[in-house]
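Next come two complexes built around chain A: one with chain B, the other with chain C.
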Partner chain A sequence: MKDNYIPVNSDWPSFTTPTRTMNPVIKFLAITLIAIYYFIITDLIRMYSLIFIVLIYYNFKSFPYQVSKPKYRFLIIFSLLIFLVQAFANNQGKLVFYLIPRIIEVGPFIPIHENGLFLGLLLVGRFWGVITISWVFIDSTNPFDFAQSLTQLKVPYRLAYSLSLALRFTPVLNNEIMTIRNAQQTRGLNTNPNSLKGTFNLLKFTLFPIISSTLSRIKDITLSMEGRAFGLYVDRTPLKEIPFRISDMMLYLMLMMVLWLLLII
Partner chain B sequence: MDSNQIIIQLNDVNFQYSDSQPKVISNMCLKIQKAEFIVITGKSGSGKSTLALILSGFIPHLVGGKFEGEVSYQGIETQTLTLGEISQLAGLVHQDPENQIVTSNVLEELAFGPENLNLSKDEITKRIKFCLSATNLHEFISRSTDELSGGEKQRVALASLLAMGGSVLILDEPTSYLDLVNRTQVLKTLQSLNLLQEMTIIVIDHQPEIYKDLLTRLIVLDEGRISGDYIKDEIDFFPYQVPLKSLESIRDLSAIKPMTNVIKTKNYNVFIKKNRILSNISLNLYSGLIYGIIGRNGSGKTTFANSLLNLLITKGDVSILGENSTKIPTYKLAKDCGLIFQNPNHQIFEQTVEKELLFAPLNLNLDSQITAAKVNQLLCDSSLQQYTNYPPFGLSFGEKRRLTVISVDVYTPSILILDEPFIGQDRYNFEFILKILEKRKKNGLISIIISHRKELFNLVDKFIVFDEGRLIAEGSPEDLVPLLKNKLLYPISHEVLW
Partner chain C sequence: MKLNNDTNSPDRNGESPAHIPWIKPELVKRRRKNPYFQTSDLVIIALFSSLGGIFSTFIGYLANLLNSILGIPFGGGQVLAGLHIFWLVFIFLLTDKKVGVAFSAGVLKGFVEFFTGNAHGLLVILLSSSQGLIIELILILFLGTKRRSIIAIAAGFAGLSNVILQQLLFFNSQIPITFIALIGLISFISGITLGGLFPLSVFYIFNRSPILQWRKPLSLSPRYLRKIQAIRISIIVILLLAEVSVIVFLMSQNKYSIEITGEVYNPYTFYVGDFPKITIEAELIGDVTYVPPKNYTGVPLYLAIEKAQPRLQSYYIQLRATDGYSVRFNSTEVDKNDNIIISSEDGRLRIVAGHYHGSYWIKNIASIELTALPS
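On to the complex of A and B.
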């Protein structure tokens, strides 16, 4: 049927959203810019508005991989921990309230100060900001397109591919962890992360199988890549070119302008 | 043997992974001619996979160890070549194609090798065209590699090595994960490469009989040496084929009466994320019987097994030993329902073999019932007693498989589910698992096996047949022959219908 078939650039899987079609290197620069912005600004309303917009965009239907509830749960627990540490430990600024009401004169009352609350929210915001834009990058980027566009910028291809392999196998490793956790439960081990005992068991008994599984995966991938002449020559011929489009550059400059305006206004 | 036709030659090759370990390959001499179709078989640990690594150049170039002797390709010694250069002469397809695929879509995967060879774009395109037509993968060209079935992945792995332009293909158990349809496709591809392209095919497999119509030579390994080397006309038996006698004895055991209903499902649906994988499954499974779950790759067999232990989202009724199991957490269900995963590496958690054996009983508070004598007996029966204080991750694949089986058998759950327990197992391990099944049947316990192996036909009391997420049949193997034959769901052939 397709005997005269010749693969061309248009045959590569096409993506629909702007983040998917954007050049991966420019996209990487854009998310780095946003990450820097999160670390510069101290306006919580602007910071959380931006996080909200990114989250809405991320969960938009066109993304195939949506974040699972357990992952959100973990992030929320971790954020709470960051917030509480700051709120309890920072005693600077105006006193806002006591966690334990001063009905009688015997403490401790755990005073909560303005700076503690502010810093807690700021750190949580930075944490969520970086996490959410990383999701957008990971889910909208073909790791090998990223490697290829780096190579086009004269980054040595061995280095570019090791970066892209890390991106490629992150979801694979996640699945592996889930499989091991399931396997532990089938052997009577309580690994429910909602209980203290479950969390302890999860940490204690996951390490060995994960290391074993990761090492075995690395060995297999190395055999597969070296067995197909990876690294034989200084250069390699990319069949697919990743275009650096003017529109991508324009989008990046626009983003730069918007963030700059948000900073100065 | 025509010396001009010799493509690979091994002269007095020895290999050991470290000085403290015994030789895996001993004084091996072997000549392989162009366009031969060779099947290499032998029991676990006989050196088959190591030989594949030597033939493909990974030993001594990438895998460490003590290598002696000489391997040459068309007269050129491989030690004078780089691995990248050898990859243009011979390619190795690993047992699990999942672990071989590097990129995230089929076209990228096929282009990966030729791109590394720094060929011109026209040449890369030409090679991709060739391997697409050789493996009949045209329709998959734009697909994500994560979306492919096991058989499709195997063909992609094969095609990606063909694109390297070598004339020798080495395959380590290429059909072990595949159903009949996918297996047939892979075998057809190998046959056409061998006959039409004159490629040399070297297959390593515990089931050499699968290749009986294709092979030109059978090599049997034993403790790192060639113990048998036969050309096609000399082969009147296939070593390491599981003798049907031992299967017969299990089949002939009549189930202990009265049989009780152990697993019951009604309008049972199973979901992975938001996708319905199994629909409206209604089943009654009884004690004292051995069930075989069969069906094509992706038909929902493993999903069904995992769902019984509450590892997946389900809708509908399911009861285990009379209780609604959806309300019971997995770690409690494990007491009555043991599940052995496909990959033993996923089910090993402890630091010594003995601790591993006691892992589940300790979690389930059953350790008081497990005597030292029982532990010793199980270690002895499984030939693992010398590894009692050895880290289980250091065991071979077959040994790990035996360990995971006895780690569940040690507390004798009422239900035992084994997911593809025979992959990569030699006759010894196969028979070891059969003995466990026989013992359970004698004790009136239920066992459920998920497998593509044809020996199941003579082993199980009942088949449960899944197709595209639906239960399409349930009954004795003999009753289901017409269906299985028509739908090509199972390797039925005259040799198993005795």
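On to the complex of A and C.
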């Protein structure tokens, strides 16, 4: 997934999938439900089967997002960390093995118990479960449709519009940061994010210029919006209606039932 | 430039649309009366939340680099936790300390991070919203004091919430409390400095510059102040009620309970204090742990089972701990066996199983379930 990347409409492939046609708000509720399910179940086979199915579905077609290598690296390191912390810290159950075996009268050290392994896998499963289901959501949801869908649910359009505005300006502000960063680099400043000093410099020397430019931008946008009488009326006519279909509701209820059955059986 | 939002103002031709005869009444939209958030507030929240979301990526890189340099798996990055709070406090200051701004910014920042593919997925919304909510709650209570210290402390607690939530979600095992406290302290200090004092300084710099002069300073109306006072009183009452509830809950739990369910006629909640206790001598021999023989006091397991009135002659007794670990005894092993007791130790219940392998000495028991033997 490219960092700070919001796809514009032209980035969306022409094909449709069940997740893409689903109402964004209902879809958001559905993934929240699945995330909660991941935090409730303790059956590793069911948990990892579900993650596997979601991953297969995610990779089934090419989506506008692609998970970047550094992000995958972070996810793997974080998962490993969760696993190791549980494996080292939990000493209930039978001893499975020693991480450092006995070598010539020294050791063994760091015993790993079965419950430590179980908990490690459980929490890694939770983490990956939430991440993968989030990928499916953001891959199949146009964020602006999500904001519009919120408005149709009687969320005040001024607030829902803030979400659209924030998402709309993410790539713009990101480009601006890059411009400032390039300007600093041409002056000989190290702003390479792969080094500690570079990242620190990036934060330090980018912060004030970007705040200043954002404040100017805020002034322009506010005057422009007020000039168009934004917020004058209680209701706002949407450019595009996001339908709330019965089939979406049925799908959501079915999902609730399936998860409930998976919990009790 | 300020738009006239007066609902009674006439249109260009001097008439309100509602009075134009050829416009159908259902087409005449309702006009909004003075909205709580001005348009500029909304734009400030949106754009700075967006900026906060973008900067989180860089902060994440920096945190990972710090962890790598320090050679520790996690915790080092908490030094920078305050930078996530920076934007929430800065937005709060820019919008003249309006109630609801920090929380809205937290939610919005969370959504921006979520949609831009944050590595925590859906959870980033929860983390970011919690930070905003904590700032909001603390500042509502002390709004009006205009003390920098209050804002800094609120930011400190918001930083701390990050550690607590992550601990609850992913590290809820047996990590030493001292280590967690240390990381929590680092986050708290980072929140105070980078999340509280730093945005205050930045705000004062920009506030003196002409860049913010176009915004009219907010004059708090008596009605607004009354609302704030009402919210403040409500929060205090809710906090007091929550505290009383927690105390009552803890007092009801002080007898240490276990749910006994399954193939029984009388499922019930077991309390140590309801049964006679015995003292046994036992020796813990585990694969790694060894505790020499010593005395343990507790309730024999079979007494707890007998009270539940098992439906079957022979059955399994499944004991499950709070962390999910479980062990199983056969009913024949437990019946009239004084060597298996439920003992209360350090505020938790555990099984002391004399003459059994250490893996049967289960800690933190949450439930006991009786199940049928395979036919």
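Following the convention adopted for this analysis, the second predicted complex is superposed on the first by the 165 of 265 C-alpha atoms of A that agree within 3 Å, B and C clash if a C-alpha of one lies under 4 Å from a C-alpha of the other, contacts with A are read in each partner's own complex, and residues count from 1 in each chain.
Here is the rule we use: a contact is a pair of C-beta atoms (placed from the backbone, for glycine too) under 8 Å apart; a residue touches a chain by one contact, two chains touch by 3 or more.
Predicted, not measured: the structure shown is a model, and the values here were computed from it.
Visitor: Could you say whether A:E226 touches chain B, chain C, both of them, or neither, answering first, second, both or neither?
Guide: both
Visitor: Of the two partner chains, chain B (first) and chain C (second), which one does A:N182 touch, if any: first, second, both, or neither?
Guide: first
Visitor: Is A:Q152 touching anything from chain B or chain C once the two structures are fitted on A? First, second, both or neither.
Guide: Neither partner.
Visitor: Which partner does A:N190 contact after superposing on A: first (chain B), second (chain C), both, neither?
Guide: In the superposition, A:N190 touches chain B alone.
Visitor: After lining up the shared chain so the two structures overlap, which partner does A:T21 touch, if you call chain B first and chain C second: first, second, both or neither?
Guide: neither
Visitor: Between chain B (first) and chain C (second), which, if any, makes contact with A:S216: first, second, both or neither?
Guide: Touch status of A:S216: both partners.
Visitor: Between chain B and chain C, pick out the one touching the greater number of residues of chain A.
Guide: On the superposition, C touches more of the residues of chain A.
Visitor: Between chain B and chain C, whom does A:P238 touch in the aligned arrangement: first, second, both, or neither?
Guide: In the superposition, A:P238 contacts chain B only.
Visitor: In the superposed arrangement, which partner chain does A:Q92 touch: chain B (first), chain C (second), both, or neither?
Guide: second
Visitor: Chain A residues touched by both chain B and chain C?
Guide: 1-3, 5-6, 143, 165, 208, 212, 216-217, 221-223, 225-227, 229-233, 235
Visitor: Taking the complex as given, what residues does chain A use to touch chain C?
Guide: Those in contact with chain C are residues 1-6, 31-32, 35, 39, 42, 65, 67, 71, 74-75, 77-78, 81-82, 84-86, 89-95, 111, 113-115, 118-119, 122-123, 126-127, 130-131, 133-135, 137-138, 143, 158-159, 161-163, 165-167, 169-170, 173-174, 177, 193-196, 199-200, 202-203, 207-208, 210-212, 214-219, 221-223, 225-227, 229-235.
Visitor: Touching residues of chain C toward chain A in the complex: what are they?
Guide: By the definition above, chain C touches chain A via 1-3, 5, 29-32, 35, 37, 39-40, 42-51, 53-55, 57-62, 64-66, 69, 73-74, 83, 90, 104, 108, 111-112, 114-117, 119-123, 169-175, 202, 206, 211-212, 214, 286-289, 321, 323-325, 357, 359, 362-363.
Visitor: Which stretch or stretches of chain A touch chain B in the complex?
Guide: So the residues of chain A in touch with chain B come to 1-3, 5-7, 11-13, 142-144, 165, 168, 176, 179-180, 182-192, 205, 208-209, 212-213, 216-217, 220-233, 235-240.
Visitor: Which residues of chain B touch chain A in the complex?
Guide: Those in contact with chain A are residues 56, 58, 61-62, 82-85, 87-88, 91-92, 94, 96, 99-105, 107-108, 111-121, 124-125, 128-129, 132-133, 138, 141-144, 160-161, 164, 306, 309, 311, 329-332, 334-335, 338-339, 341, 345-351, 359-360, 363-364, 393, 407-408.
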